[in-house]
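In the two complexes below, subunit A is the common chain; its partner is subunit B in one and subunit C in the other.
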Partner chain A sequence: MMELDVRTDERGIGVVVPRGRLNMVSARSLRDALDTLVNDGTHRIVVDLAETTFMDSSGLGALIAGLKTARQAGGDLRIARPTPAVTTVFELTNLDKVLRPRESAEAAFDD
Partner chain B sequence: MTEGHELGRLQVNGHAQPEVLDEVHTELEQLWETTSEVSMRDRMRFEMGLMEIVGNVVEHAYRLDQGSAARVLSVSVTVTDTEVRGVLADNGLPVEVDLGDVTLPDPEAESGRGLAMALASLDHLEHARIAGCNRWTLVCERSAP
Partner chain C sequence: MSRRGPVARTPQQAARRLALIRVVVVLTAVLGVNYVAWRWLFSVHWGAWWIAVPLVIAETYSLIDSLLFGLTMWRLKDRGAAPPPPPDVTVDVFITSYNEPVDLVMRTARAAKAIRYPHETWVLDDGNREEMRLACEAEGIGWITRSSAWADRPRHAKAGNLNNALLATEGEFLLILDADQVPLPEILDHTLGYFTDEQMALVQTPQWFVNVPESDPLGSQAPLFYGPIQQGKDGWNAAFFCGSNAVIRREALMQLGVSGYVGEVEVGVHRALRTGRRIVTAARRSLDRDPSPYGNAEQVGRALDMILYDIGRARRELARGVALFDVTYRFQRRLGAIRRELVAADLHALRSDLAVVAELEGLAADPDERLATVDEAVLEQLAQREWSPLGAVETVQALVDAVDVDRAAEAQPIMPLATISVTEDMATCMRLHSLGWRSAFHDEVLAHGLAPEDVQTMITQRLRWAQGTVQVMFRENPLRQKRLSVPQRLMYFATMWSYLSGFAAVVYIAAPVVYLLFGVLPVQAISTDFFIRLVPFLIVNQLLFWVVADGRPTWRGQQYSLALFPVWIKSFTSAFGNVFLGRTLDFAVTPKVRREDDGRRPWHLVKPQLVAMALLAGAAVIGLVRLLVFDQGSRLGVYLNLFWVAFDLVIFSVVVSAVRYRGFQPADEPPQPPPPGHLEPEPAARRSLPLPAVRRPVPTHRGERR
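For the complex of A and B:
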C-alpha cells in the first residue's frame, strides 16, 4: 500500500515521493520509477521520505539500485526527510553514510 | 512459550504471496492500537523484524516453489506485559538457515540485508524445522515504560 509521486522540478531534478509502506511489493514500483527517470535523462534524483511510514530491506535495495543507476549516468540520488522508522533502517545497516539524509528535497543538491 | 500477562494478539493465515505482507502489516498496526503501552521503539523493532521474516518466507516460496499457491503461511503475534512474540509457520520446502553466519553485505548490494536487519532489531530470532513446517520465533523484550 504505497502511492508514488514522481515529478521533475524547474532545475531538472527528479523528485520522488513514496507515501505509505515501502516493502517488497512497492519497492518494485520505486525501482521502476527511478530507472525510468534516469533512462529519460533525469540523472539527479531526490527521494523525499517524509511520508514513508515503513521501509524494509527491499525498499533499501531499490534506493541502492537507483543510486547506482544515477551515478553510472553521471548523476546522483539523495534522500531527504526520512521518518524515524526509516532513519532506524539506514542506521542499522550503516547506509546512513552512503545515503546521508538531507533536511529538504529542495536543498538536497545544494552541496 | 509466551512470557507474561497477555494484552493482545493477532493471527493471520494465508498463502505465502506478496499480498500477505500488507495484510500482516495492517493487522499489526491494529494490534498496536489496542496495546498502546508498547513503546514506539519496541514497535519499530518488532515491526522491522517481523516484516523482514514474512518477506523472507514469501521470497523463498517464490524461489523454491515457483510461486506455488501451495505454500501456506500462518503468522501469530502476542503482546504481553514483558514481550512481543511472533511465530511464523509455513509448509514450504525446508530452508537451510544458519543465523550464526548472517552478516550485512557490501554497501552497494541491492539485496541480502533482511536477516541481518531482523537479527539486529529483535532480541531473539530462531528458525527450526518442526513437523514438516519451517517455524520462525521472534521475540522483542519490552523496554521499561
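For the complex of A and C:
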C-alpha cells in the first residue's frame, strides 16, 4: 500500500511524497491530496517520487489531474527524482517528453 | 432464436476447417483477380464509358472487398472453451445508461449483481435521475453520475460517461454492459481467464438479441460478424471492441488515456502557437497602417513584438525537445505579464473584442470536438479575423489555454475512451492495438440484449454506426497507423471499406437498367469468355461464405449490406462534411421509446429503395418488350440482365418486410408484465417495456458482410 506525506515548505511550495505503490487503488488518495493542497491555497507543488516503488497509468493520471488543478489556479506541478521503474512508465506513455523530472524537490521551482 | 456457446471442435477438426477455408480463399482470390484483370484489360466498353467505367470500378471494389474478407478468414482463430479465471482480481461491472426506463436498467443491474465472480456493480447514470439512484441504493448497487467537473463542458456521450466512471472506481478489470444487455452469471468466469496474458487488454463477447424472431426482418443479429469475422480478426490480433459485453483491463485504458493526452497536448500547442503567430502578426500590421486609435501606439507595438518573440521562442524550444510543460508554463507567464501592461494601454479597444473571445471559449467546448482535433478550418477563421492588439493577445491566450496542459476545455484531462467519433469503441480499440496491447474474441453468448423493433430506429442506429466508423477512417486512417502491423491495419480498413458498398450498389442498380432501357452494354460483349471468368468467381465467393458461416444464417446480412445503400452513402457524405468541412453530423435523434404504431407503415423511410425497385422492374418490362416485340437487343443480354434485375429485387425485398414488421411477437405467450425480481429476459415480458435506443450497443462492425 501507499503512504502519502504532504507538507508545505518555507517558500510556500507544497511537497508531496508518495511512499510505496502508486496504482489504481492509491491514485485517488494522491488526487485528493493534490486537490486539497490547491484548494487550500498552495498552487506550486512538487511530487517527490524517490520512494515510489511502483507506478501505473492511473498514478500518472492522478499526476496529470493535479497538474491541471495547479495550473488552473495559476501555479504548477512538478515531479522530482523518479526511480527507474517509474521512469519506464513515463516513457511508455511519452509523458517523459512533456513533463521533465527535477533533480530534487528543493530545486524543482528554481527555474 | 437459439445460439450456441463455443462450437466444440477437436484440434483436428479445427485444422481441417481452416485448411478448407484457405483453399477456398485462394481459389476466390485467383478467380477474382483473373476476372477483374480481364475486365479492365479486354472487356471495358469504352464507347459507353459513362456506365462502363463505373461498373468496372464497382466490380474492382467488390473484388477488394472479397480479398479483404479472404485475408480476414485466413487465420480464423477458434479459441474454444474459456481458460479458467484467475482467483483474485478485482472487477467493476459498468452498466451505461442515459435515459432508459429505470425498470429496464434495474433488470440488467440485478443480473449483473448476480454474476458469480466477485465484483462490484455500478450503474453509470448519465441522466442523473433521482429515481435511478434510489432504485440502485435499495438493492445495494453502485450509482455513478457525472462529477461537477463536467458542467458546461463537452460530455462526449457514452465515452464521457465511461471516462467519468473510470476515475471514480478502481477495479483492475471492467465489464462494460449497455443498459439492455442482461449478463449471464458466468460472464466473468468465461472471460477473465484470457487476462493471465499480461498484454491482453480486451475480451469481446457476442451481442445477441432475444427480441428478434427467427426470420430477423430487421437484420439485427450479426451471426457472421460475432463469429467468423471477429475470429478472423482475432487471428491477426485485431479482434474489435464493440462497445458492450466486453471486459477491459483498466491499466490498458489508462495508459491509452495518458498517452492520448500527451499526443493531443503536443498537437494542440503547436497549432495554437502557429495560429497565434498569424493573429498577432496581422494585428501588428494593422497597427502600423493606422496607429491613430491608440494613445500610445508605440507601447502597444512593442508589446506585440514581445509576444511574437515569445511565440517564436516557444516554438524553437519545442522543436529542440525542451519538455512541453516547461515551455508552456514560461510562455503563459510571459503572456500574462505582457497582457497586463496592454490592458492599461488599450482599454478602449478592448470591449469590442471581448465578445469574440468569449465565443472562442465556446468553440473549445463544442461537444463534438476537442481543440486539438479542431479542423484547421476553424483556426483559419480565427486567423482571418481583424483583431485589435489586445484582442489578438486575448485570443492567443485563450487558444493556448484551451490546448495547454490543463485542458481547460475538458472535464478531465485524461480521456481513456476515444472521443473522436460518435462511436467510441473502434477508435479506442485501434489505439490499444497501436500501443501493443492484445485483444481476444470469445465466441460464446454471455449476455442477452434487445434490438430495435421498428425500421426507423434500426435505420437510425445503422446510420450512426456507419458514421462513427467512417469518422474514424477520416480522422485516424488505419492504413497510416505506423504502430499497427500491416494485417491489423487491413482488418480495420476492411470494416471501413465495406461501408463503401453503398456507392457500388448504385452502379449495380444502374447497369441493368441502362442496358434494358437503352441497349447500352457496359462490357464489350456478353461472350463465353465473360461467363467462364465471372461465374466460377461468383460460385467460389458464395462457397467461401458457406464454408465460413458453417450453418449460421448469412442471407439477411447479405441483403442489408446492399439494401441499406442510401444509409451507407449518407454516412460517407455526412462524416466527410463533419470531419473536413466542420459541419455537424445531423443524425436524426433516435426515439427513446418504441414509437406508437398508428397503423400506417413508414414507407417514406425506404423511398430510395422503392424507387430503385420500380426502376428495375420497369426496365425489365421495357427490356422484354424491346426484345420480344421490336427484336432489339440480344437474347442473351436481355436474359442475363433480367436475371440480374431479379437478383436485385430479391435483395431489396428485405426493406418491404422490414417496413411491414410490427415488432416482436413471441409465438405462444400473451403479453404480461415481468414478474418482480425476474433475472432472465423473457420475450413475453419485454413487450410491455418501452425500448431504449440511441445509447445501446454500438457494435463496431455493423452490417453483416456480403
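By definition in this document, the second predicted complex is superposed on the first by the 111 of 111 C-alpha atoms of A that agree within 3 Å, B and C clash if a C-alpha of one lies under 4 Å from a C-alpha of the other, contacts with A are read in each partner's own complex, and residues count from 1 in each chain.
As a working rule, contacts are C-beta pairs under 8 Å (C-beta built on N, C-alpha and C of every residue); 3 or more make two chains touch, one makes a residue touch a chain.
Bear in mind the structure is a predicted one, so any value in this text is a computation, not a measurement.
When the shared chain is aligned, subunit B comes close enough to touch A:Pro84, but subunit C does not. In the superposition on chain A, A:Val25 makes contact with both subunit B and subunit C. In the superposition on chain A, contact is made by A:Arg100 with subunit C only, not with subunit B. In the superposed model, A:Leu92 makes contact with both subunit B and subunit C.
By the touch criterion stated above, A:Ser57 is placed in contact with subunit B and with subunit C alike. By the touch criterion defined above, A:Lys68 lies against subunit B and subunit C together after alignment on the C-alpha atoms of chain A. Looking at subunit A, you'll find residues 24-25, 56-58, 60-61, 64-65, 68, 92-95, 97-98 touch subunit B in one structure and subunit C in the other.
Per the touch definition, subunit A reaches subunit C in the complex via residues 24-25, 27-28, 56-58, 60-61, 64-65, 67-69, 71-72, 76, 92-95, 97-100, 111.
Residue ranges of subunit A in contact with subunit B, taken from their complex: 1, 21, 23-25, 54, 56-58, 60-62, 64-65, 68, 84-85, 88-89, 92-95, 97-98. Across the complex, subunit A is touched by residues 167, 170-172, 250-251, 254-255, 257-259, 261-263, 265-266, 321, 323-326, 329, 404-408, 412-414 of subunit C. Residues 18-19, 21-22, 25-26, 40, 44, 47-48, 51-52, 55, 58-59, 104, 107-114, 116-117, 120-121 of subunit B are the ones that touch subunit A when the two sit in their complex.
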